[in-house]
Every structure is written in structure tokens, then in C-alpha cells.
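Read the structure below first, then the notes.
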Amino acid sequence: MPQTIIGIMGPGQGATPTDLHNAQRLGAAIARASWVLLTGGRPVGVMAAALRGAKAAGGLTVGILPGRDQQFVDPNVDIAICTDLGNGRNNVNVLSSNTVVACGMGLGTASEVALALKNGKRVILLGDRPAQDFFSGLAGELVVAVASVEEAIAQLHQWHGA
Amino acid sequence: MPQTIIGIMGPGQGATPTDLHNAQRLGAAIARASWVLLTGGRPVGVMAAALRGAKAAGGLTVGILPGRDQQFVDPNVDIAICTDLGNGRNNVNVLSSNTVVACGMGLGTASEVALALKNGKRVILLGDRPAQDFFSGLAGELVVAVASVEEAIAQLHQWHGA
Amino acid sequence: MPQTIIGIMGPGQGATPTDLHNAQRLGAAIARASWVLLTGGRPVGVMAAALRGAKAAGGLTVGILPGRDQQFVDPNVDIAICTDLGNGRNNVNVLSSNTVVACGMGLGTASEVALALKNGKRVILLGDRPAQDFFSGLAGELVVAVASVEEAIAQLHQWHGA
Amino acid sequence: MPQTIIGIMGPGQGATPTDLHNAQRLGAAIARASWVLLTGGRPVGVMAAALRGAKAAGGLTVGILPGRDQQFVDPNVDIAICTDLGNGRNNVNVLSSNTVVACGMGLGTASEVALALKNGKRVILLGDRPAQDFFSGLAGELVVAVASVEEAIAQLHQWHGA
């Protein structure tokens, strides 16, 4: 049966040190729960930090790449999906994730949160207050705003067991 | 040479009467300027209102449909593009528009604004203050917040002549 | 109501002089019938020849581009759709065409013929005997093999009137 | 580092008993070589047979689904990628595979072979003579025609080691 996939979304450029620290811890927690980590697959920012955390903890990782080949893949991606969709791959990121966690915020992340919610998926928003307010106003209870990695992980376990 | 295309984005469901009124006037102004109107092509909400305004003013209209055929196309669409991309077609909407105008706000619209800005395109946000604040915080001067249809139209003429 | 769109597919590189001559005549015939011509939109091969024929005859043209902007658009495209889908845009080409005509054959064209037939659309194959044999074997009566531009045009009029 | 992914493409409907037998054996061989098996992910035809063979041999499997959720996923898929691209997902299938093996032939398979070759990827065509002739004529040495599962597996080992 398909394994549970948790998607970590966040800025490639412009991630804060806190975003990166949170992403690495989230990646590790996902691996320890035996879930699969999915990210946008590039070797920058929140994607790279989450992948590093997951692989260090022995997890399995998927990267959904915007390009047509593996030229810009993060070395911690196990399964590289080459879409040639550009930013259109953001819809694949969220559809393929059982739950999406946004760790930090940027334009690509905002598009992923919006697409996830538009597709009826629950999204955990970690930390970014403007995004929490904006998306809660649009999507109500589908948005779960949390203030810490611990809360995000607790929420994932509540929904996905293990 | 390719004609100038202006994309009007806005909620299908949940559009306010003001959103619909604004969309119809924007569609008409686009047609009168001899630009092509692009929308998501479905017969609901802001899409339908903008298309109605443009056709009543004698314009040419393009609808980028999420489905694989014309089953749910608005009758005021002249050129129906069937993508079979679901919400992933939102990226095509914004890439194909020389400028995007958001008229009202919803989850699909938020994804389009985010994708347009992520792709480096200027976006005119009409009226919705939370969206204006949120996206201005993420994208700075690429976001042009306006309070009225007149301002939006003036901005379009400043950028695209005619 | 959406206008009738006829898609002309054929090789960008490697088109023969006969392919180019046929494509230009098909483009002109489509324009004279007041149908919209759709191609892959790039300024090479069969795409360029069909677009040139249609514009010289006063028609309206659509180009479905593989890239994210209009950098490589043919100057005879009126409506440029920027997909950022790479070769994945071939599915959009055929879904958006009421009927697809293949004029010459190449790998991209073969993918378009296969995708059109897979989606249940009729395809007119002009001239290329190996392709006519191969696809007729897979799709039976959905494939209409013709030997001349005149036959292709007669078939289009039989299906789409005018 | 990304693992080697071998894509098995073939008809969902209309697969012959030989196609299914070959697909199951190919799936098993891919798993025994510690490669990842990629298919279109639906519980029918060649996809299902290859996935069954790979899982019975203890392999890891990826399914690239045409839909927006896991409603029609084969139970032997480990990693389900939900694309909402319809047949447009065929381009993702081939771009994500280091090598594509076509096992039997149909319209979807033909589109995948054409897209793989168009993207410059080598394709192993097992058994179907009309397809071998047609695609060899278009793509020359990128097409490797084989007559047996053993030859296909030997070719994979020559290219991908193990």
C-alpha cells in the first residue's frame, strides 16, 4: 500500500536560520515516524535542510523537481521525480503529500499552501503569522497554525498515527 | 506578433457582488483597449463576469480550462484551451498573461497571484486588503494595490499603452 | 461560443519541403474556413509554415509554447499560450484542437498523434505511410489517412462544416 | 544520491498474456538489481503486473498517477505521486526514468516512447515489431529492439551496472 508522505514546503532563497533549523528537525521527525519526506528536491533552503534531517535519521526521501532532468537535485533525494513543469510542479508537490507543512514563507510556498487548500488538503503553517492570518481567513479549519516544531510533529502524529 | 493578453483572476465560488461588477467593467475596458482577455474559462464567478463584459464590448477572449474538454466552458470564451491540468492550469493562466489583475480573492486566486509573482510578473490586486498586505510583504513592488477599477485600468494603460 | 480550432502538428526540425508546402496550404485553408489555427508556436518547421499560411490568408492563430515566456514564439502567432510544460504541452495541443492534422512526422508529432488518439480524438495523417500504418494498427477508425492536402481539407469540411 | 529508476510502460487495457508475463518478470528483475520500478501506477495491465513482480521480489515501487488523489492506485505502489495531469503525466513517467522499457504497445505506451525519445532518452522496446520498426525509423540508435525479457534485462545491466 502507498506509504504516508509528508511534504515540507518552504523558501529556497530567503529562508531564515530558524526556518532551516525547524526544517531539519521536521525532516528527522518524519523519518523517525517511518513516513516518507517529500520536498521540491532542489539543494537550497528549507528543501535541503529537511532532506538532510530526514536522511541523517535514516528516512526515505522524494524530490519533485521543476526541471526535465536531475541537474539540480539535492544529494539527499532518494527518489527524484523530473516533471519539466516549472513552478507548475508545486501542484504535484501538494497533491502527492498526505499532509503539507509550510516551514517559513515565500512566493513558491504561498502558491503551494494555496493549491493544497484549494485541493481540500489540510496544511500545517509553522510560525509565519501573516501567512497564518491570511490563509486562515481564506480556508478556515483546513489551516492549522502552530508556533513550534513540537506542535507540528504532534499534529502529524495525531493525523497519521505511528 | 502576439497580442497583449490581460488575465483577470478571481473566485469562481464566493465572489461578492462588488467583485462581479468590477470584473465585468474590467473585461469591458480590456476589450475597448483591444487587448485579449484571459480567464480560467469556467461559467462562474469573476471569470464569467469578466468574459461577459469583454464580449459585450466586442473583445476577444481566451479561457484556460482545467479539464480535458469543453464540457464546462463559459459561452463567452472564444478560444478554449483544454489543459487537463486541474488547478495546475493556474500557472498557465499567469504565464500567458502579460499582466494579471486579481479581482476579489479566494484560494485559487491566491495561488495564481503567488505563481505570477514567483515567475516575476507584476500583479494588480484590486480591493482585497488582506491579500494586498500579505503579497506586498512577500513581493514588494511587483504588487500594485489599487482601490478601484479606474485605478486598475489606468495602470494597465500605463504599462501596455493604447 | 468557442470557435473551431484545428491543430496542425509536424516536425520543427527535419520537415521536408513537401511538409512545409503542405503545412502552408493547410494553414491558409483553415483561415479561409474561419477556423482558428493552433500549433506548437515555435518559429521552425511545420509550425512556422502553417502559421505563415494562416496569417497570409487573414486567419487567427494560437501558439502553445513549451516555455515560460514568449522568447521563442513565431511572429505569426496571435495568441501565445505560455505553458512551461516542455514537451508535456503536446497534450494541451491536442486537447485544445477539435481535430488534429499531422503534416509530416517526427518524435514530437508522434507523441501528439498518440496522445490525441488516446484522448479519443480523430486524427488526420497526411502522407507519412509508416505512421499511417502504425497508428491505424493501434487506433483503427480514429485515424484518417490521406495522401493530399486536398483530401485533408475535404475531410475537415466534412466534419466541421463551413 | 538519487536511486536508479527503471520505468516499465505498457498497455493498461489490451495487454496480452505474454505482455503481462513479461512485465512481471521485468519487475522482479528490477527489484533484484536494487533499482526502483516506476510505472503509471494504476491497477491494470502491464503496470499492475510489473508492480506485482517487483513487490514479490522485495523492491521499491513508484506510481505516477494521472489523477489528483490515490483513488485508483495499485496496491503494490509504495510511493504514489498524484499529478492531476491526465495523460500529460506520461511525460513525467519517462523523464523520471533513467531508462524506459516498453512491454507491449498501446496508444499511451506509444506516447511515452515518443516522449522519451524526444527527450533524448534511450528506450528498450520488447517484442512489438511494428513499434520497433516505426520508432527505429524516427530515432535510430536511441531505440533498442529486443525479442525477450532476458535481452531486456541484460541491456539494463549493461547500462546501469549491478
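Note that the chains take the letters A, B, C and D in the order they are written out, and that residue 1 is the start of every chain.
Operating definition for what follows: a contact is a pair of C-beta atoms (placed from the backbone, for glycine too) under 8 Å apart; a residue touches a chain by one contact, two chains touch by 3 or more.
Keep in mind that this is a model prediction, so the values were computed, not measured.
Engineer: Sort out for me whether A-C or A-D is joined by the greater number of C-beta contact pairs.
Structural biologist: Most C-beta pairs in contact, of the two: A-D.
Engineer: So which chain is the furthest away from chain D, centre to centre on CA atoms?
Structural biologist: It is B whose centre lies farthest from that of chain D.
Engineer: How far is the middle of chain A from the middle of chain D, if each middle is the mean of its Cα atoms, in Å?
Structural biologist: Going by mean C-alpha positions, chain A sits 28 Å from chain D.
Engineer: Per the centroid of Cα atoms for each chain, what is the distance between chain A and chain C, given in Å?
Structural biologist: Averaging C-alpha atoms per chain gives centres 40 Å apart.
Engineer: At which residue positions does chain D touch at least two other chains?
Structural biologist: Within chain D, residues 68, 84-88, 91-92, 119 contact more than one other chain.
Engineer: Which bits of chain B are touching chain C when the two form their complex?
Structural biologist: Listed in rising order, the residues of chain B that touch chain C are 1-3, 5, 36, 62-64, 68-70, 73, 75, 77-85, 91-92, 95-96, 119.
Engineer: Can you check the complex and tell me which residues of chain C touch chain D?
Structural biologist: Chain C reaches chain D through residues 85-88, 90-92, 105-108, 110-111, 114-115, 117-119, 130-131, 133-135, 137-139.
Engineer: Going by the contact rule set out above, which residues of chain D touch chain B in the complex?
Structural biologist: Contact set of chain D toward chain B: 68, 84-88.
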